[in-house]
Amino acid sequence: MNKNFLISSPPMGWNSYDYYDTTVNEDNIKANADYMAANLKEYGWEYIVVDIEWYSYDAGTQRDKHQYIPFWRVEMDEYSRLLPCPERFPSSANGQGFKPLADYVHSLGLKFGIHIMRGIPRIAAHNHTKILGTDKTANEIASPYSICSWNPDMYGVIPEDEGSQEYYNSIMNLYAEWGVDFIKCDDICRMDAASSKKEIEMLHKAIQQCGRPMVLSLSPGPARIEEAWHYEKYADMWRITDDFWDDWRLVLNMFERCELWQNHVDKGGYPDCDMLPVGMLGKGFADEHMTHLTRDEQITMMTLWCVFRSPLMIGGELTLLDEWTEKLLTNSEVLSLLTFSHNARQLVRDSVHCVWYSEHKVGDCKYLTVFNLADEERVIKVSPTIVNKETFVGLKFKELWTKETFTCENEELSVKIPAHGAKLYKY
Amino acid sequence: MNKNFLISSPPMGWNSYDYYDTTVNEDNIKANADYMAANLKEYGWEYIVVDIEWYSYDAGTQRDKHQYIPFWRVEMDEYSRLLPCPERFPSSANGQGFKPLADYVHSLGLKFGIHIMRGIPRIAAHNHTKILGTDKTANEIASPYSICSWNPDMYGVIPEDEGSQEYYNSIMNLYAEWGVDFIKCDDICRMDAASSKKEIEMLHKAIQQCGRPMVLSLSPGPARIEEAWHYEKYADMWRITDDFWDDWRLVLNMFERCELWQNHVDKGGYPDCDMLPVGMLGKGFADEHMTHLTRDEQITMMTLWCVFRSPLMIGGELTLLDEWTEKLLTNSEVLSLLTFSHNARQLVRDSVHCVWYSEHKVGDCKYLTVFNLADEERVIKVSPTIVNKETFVGLKFKELWTKETFTCENEELSVKIPAHGAKLYKY
Amino acid sequence: MNKNFLISSPPMGWNSYDYYDTTVNEDNIKANADYMAANLKEYGWEYIVVDIEWYSYDAGTQRDKHQYIPFWRVEMDEYSRLLPCPERFPSSANGQGFKPLADYVHSLGLKFGIHIMRGIPRIAAHNHTKILGTDKTANEIASPYSICSWNPDMYGVIPEDEGSQEYYNSIMNLYAEWGVDFIKCDDICRMDAASSKKEIEMLHKAIQQCGRPMVLSLSPGPARIEEAWHYEKYADMWRITDDFWDDWRLVLNMFERCELWQNHVDKGGYPDCDMLPVGMLGKGFADEHMTHLTRDEQITMMTLWCVFRSPLMIGGELTLLDEWTEKLLTNSEVLSLLTFSHNARQLVRDSVHCVWYSEHKVGDCKYLTVFNLADEERVIKVSPTIVNKETFVGLKFKELWTKETFTCENEELSVKIPAHGAKLYKY
Amino acid sequence: MNKNFLISSPPMGWNSYDYYDTTVNEDNIKANADYMAANLKEYGWEYIVVDIEWYSYDAGTQRDKHQYIPFWRVEMDEYSRLLPCPERFPSSANGQGFKPLADYVHSLGLKFGIHIMRGIPRIAAHNHTKILGTDKTANEIASPYSICSWNPDMYGVIPEDEGSQEYYNSIMNLYAEWGVDFIKCDDICRMDAASSKKEIEMLHKAIQQCGRPMVLSLSPGPARIEEAWHYEKYADMWRITDDFWDDWRLVLNMFERCELWQNHVDKGGYPDCDMLPVGMLGKGFADEHMTHLTRDEQITMMTLWCVFRSPLMIGGELTLLDEWTEKLLTNSEVLSLLTFSHNARQLVRDSVHCVWYSEHKVGDCKYLTVFNLADEERVIKVSPTIVNKETFVGLKFKELWTKETFTCENEELSVKIPAHGAKLYKY
């Protein structure tokens, strides 16, 4: 309730990770921003997010051994704050940081986001570098025992120690100066570290004091349902699964997670189903490929994300988008659920199908979403009783992907859906 | 969504357990029903619930060794259905079951409830007794491996087996004939047994087919938050803690549980904080005593239960109610939150205080609840920002326990609260 | 140390389970005893053990639904003691119990064993039947909460209660009267029930007071290594894995378990690798078949069991033994390790091979056992350093399966072994 | 079996930790060595061990915040190998390392030991320093994810990586040059890190290749009983509990651990009960005090350690030893059990008493040890049956602490023992 309500609907944007991994550079970001401004912005897409290790030299050059090269050179200022690697982000040279790039993105009418890791650089702790706004040095606030289990860059900070809040303040102040709109903080959402809850609060405080509204997005999941209140109080979005990729089993798993979190989608706080692995993916992982999800599976994914009202972050390289995928991402009627629907509820879920219900925020318009989770085409019958109706006879339906409209002639709604496919009805 | 919406607000009533344990009899029930009709009914109290082992002979006679005497005589019909023990419920003789007693309760304008254990009597399985509506016998549907960890009376049923749904149908049909309004099913809510989820569905189906609306209440807790959707779909109320008694540590623990479940309080489905251990308690446990909760602790308890909108079941013997306790239970303005408030949210909780917010369903009326969790009197300051206000200056407050009204003169609301006490403001 | 040292080497015998499951009868037992006396006795085989549910009527007749029919008829005396089902064991009629059959087995110069389940029959508890030597009745000593997770026949007893030790005494006295030499008690070794440790002590006491030496064998495993001292103090043998069958993966797993328990093989107490699934198996399971272990795998199994000094219980039907299998079971030099070797130690184990070392109890004779765990034939080199020698040159070896002898010409011993095979050298 | 059998009985010595924590210096070591040579050597005491962080500057100066100051200055050579801090160990200057101090200890007829942490210094990894004998640098063999949970100095090494074995070889070669006799490696015995098992093997290999026999002692416990074979194969001693201090509850707990490990005490491999917290303790912890164990508790401790045959390492400052404590540590008859007894077995253990039995390696001499675990004096009766005797009548006993001798006149041995005390009989 005391969170700054900067977002009234789930954020929509593009994130560099799924295509570039750690290798993304300034040209890549600009190219994707250009594409978004020209082709997607009108549909609501607006965030451009630079994902992990933008501060690292040689990122991605030891991909056979390391995703993240340990003990390697990073760009850092005298106050223990990471800066963009100037070899990859030339405009950041001379202490400019991400300001020039953020300015560029803003000039296109878009918003600019960055990824950070929980904590303070390990090298700062070992080198006893300074912290802005306090006499304490990095070694005094870093915990040698609080590390990330999959990235070697940082130590967590000790919440109680003087200097820790100052450090988080100092980085958020820097990001505010740069013009950052969106912070994706990693190694924190799953609360692997004992200090995670406190560090989430510290990040929140640091953003509040910096004077610029910035979305706080927490990774990686699965978030802990028993800490739902904490996420809602201090963050804007939080991941509800581990990394999501183009694999049907992960889509299936997301149905479980959405069931679990459906009561926690609220104004200003959004459980996050993670990026949409559509189009061309994996170049930075040395595995460039078109998404392995079938078209029906992608429709299922988009339908679930939209009815559930997850944030939407495109993972595929925008400049390589094919026509079909771009259509998938620019269906205005479907996307409108993010902003204009509410009270989404799962009505039924078993091993072969799932039904969700939702309502338009104003007026009588309702949504009924039917998913075929089976591995073959099926005719699924939906009883009117599950939406507290006696019958569907005479009701007009519009399917929002096909734009097909019809008046129901039977008590039940009978729907033929391909394997792993979905129908999204407005009535 | 397809549950029968028989209750639009949390049930309010009296339950025999806290005072009588397994020893309750017909006279006790009638006396409490008489008292409720004469003194409490006008405030919304309406359920009279007979708790555990009404079918057992000699219940309570081996209290030094057993709460529930194992392998003992129970009253049962030829169809493996437990009946009231006629020595304790004389009106049940000659196959009348609870019908005469239910009729009596109904004649007072009240509703009648009973407690059951998940499953089928062990003795029925060993004796191969019949099941109504099927050729199967009890031994064929009982699982020898599905037992309750604390009560020796029943075996769980095997969900897939023919005859199992028929058995649950047969008992619900009997209860409907008796005129039962409320079923508290035990050994099921915590899902200790692998078949628990399926048995909850079977109970729900059995009630739906029986033709009489009956509230389905699940015990004991803690319910599993990750199964929230399942409880909401199939039950009317479900316990969110293990047995609650008159111990401040359990009250404190309830604040954690209410935080966890606050998003799941909905029309027709209520997380249940368990009975109110007020007044005289424990006779059946050979420990008759006035509640150990202080008056302030009782006010805290009633306030939390009401703002959270838990079902309210009085645990103390009604005929022994003192004046103070009866006042506690008949504060109309406080009780009205059960029916007329919604969107209750915990705003703050730490080791020394907690603040909840709620709204009247119609109009602009709001509620602000401040709890002092510390062991000494404290002045607690509530900032207007937590309810998205700039200031409290000029706002009129009414405290619903003291009826005191005042206009706030400061930005913050400053409240002096005794140890373990609470203030419930309407503004 | 205060256990009766009736066995100075691991027991060898035959058990009815692997072939007959619950269906074994008097004729089957006699036929196997006859065969053992005629063909195997001279090699040290001596126990004939009747496995599970000899007291049950209709055992095995509902094999599609139940291995053990729940709530079914069992033969029991007035003192809650199970008796052989007279339909399957006719000589047991008129209160004779297993005495006539034990006498028959003894007349062949063999020993007689039976299987029991931990606890007292459920039906005895429900029917309040008597217990010999006490006024207590079965319902007073049975725990309604102590059940076996896979067999429905019994309730565990309450260790502290008067009458419990008397019950165990009464059954052991009966078995002593029958002439039983070996008790395999099930549902106890893994200590699934809280009372398991106490019940093991009670069984031990009951045997000690009965006046007849009887081997106490505990099932099923895996036994808990942290309770090794307890098993050694109170039992003669205890299972170190769950049920062992004719599957190479289970053989591989046994190497891990033998590593774990190698320091616990002692005079009078033996970690038990379970029955040898050789020859014809599975008739009672409706899956009659020749063992699925290859010949090399069987040699590996016999070698490991013998060098480790596990009890040996043949699982296959003796009357159907083929010549090769009988040879496997009657290699005197290999079997002699059970009695005459000691100090067996695993020297090496990795994913492809394993080496064990052992010594003859008297004299200088040593054993070196080499196992090929890989899925293809391999040449395995054994360094002399692992047995604290400088070289193997000039040492004479005899392989006990092939009887091949040779003098080593190289520093290392170089052994070609088929996939999953073993060599057992004496030197 | 292929371990170098350098120790035929459990090591006896003194360790700097209990008194000095991280602050120990050259003078302290010399003073304790002098004392040992003059007063204790003749009783078998011979090891002088320098415990944790001898390489750290300013160790112990931030004791209010840190036991181990994180990210602080350490003494290290160009090959990533830690050296003694010259401010604390002046003789180590100019690359002499511990050689001068080891020489001094050796000149007294004693042996010299040091403590190390698993892994390679963190600072070496961050600074990419060299490793002797390979082109790899520290950053290439250090794992950023393998840290100790309580000490901030090191990263574990990656077992598979080229350079890792070379690193361990290089430190053991250095220690061999110094003349080290005993290596206590920490953060490894409990196998907290996934690589622990491999690192134990690497340490063993490194010692074997260095050409000098050095005892390998593993800390901290509890060691994993299921890995007993691994410890026995690769180490000389391994801790069976977490840090042991002067607290009776920890003594009680040691009885459980000795029960567990009693079958694993063998020539060359010793489960380790940890240091003896006797005399003056805790100065480096800012808590200097005489041991909190009563005299009877100390007798119990010494008796258990000796009959079990644990290594003995004195924790108290030797130069401050009082007369009583020195007597406790120099009872030749008690200490002789370390070398000359074997086959120690726990015979009985319950909540109030415990009995151990052991035998002299040659001849008929036996030991019977009786512990009173209760909080008051008790008369404990020991039945002759537990040592397989019919009676104790006529047997001569000598109690090794009091030197009292007597001939038993009763069947049972009846012993009065003070609270928490012990009697150690030879017969």
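In this document, chain identifiers A, B, C and D correspond to the written order of the chains, with residue numbering beginning at 1 in each.
As a working rule, a contact is a pair of C-beta atoms (placed from the backbone, for glycine too) under 8 Å apart; a residue touches a chain by one contact, two chains touch by 3 or more.
Source: prediction; values computed, not measured.
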item	value
Subunit B to subunit D, fewest steps along touching chains	2
Interface numbering overlap (same over half, different under half) for subunit A and subunit D	same
CA centroid of subunit C to CA centroid of subunit D, Å	40
Separation of subunit B from subunit C, taking each centre as the mean of its C-alpha atoms, in whole Å	53
Subunit A: positions in contact with at least two other chains	none
Topology of the chain contact graph, where touching chains are joined (line, ring, star, complete, other)	ring
Complex contacts: residues of subunit B adjacent to subunit A	1-2, 225-226, 228-229, 259-260, 262-264, 345-347, 357, 383, 385-388
Parts of subunit D lying in touch with subunit A, wherever the complex brings them together	70-72, 122-123, 125-126, 128, 139, 142-145, 147, 149-150, 152
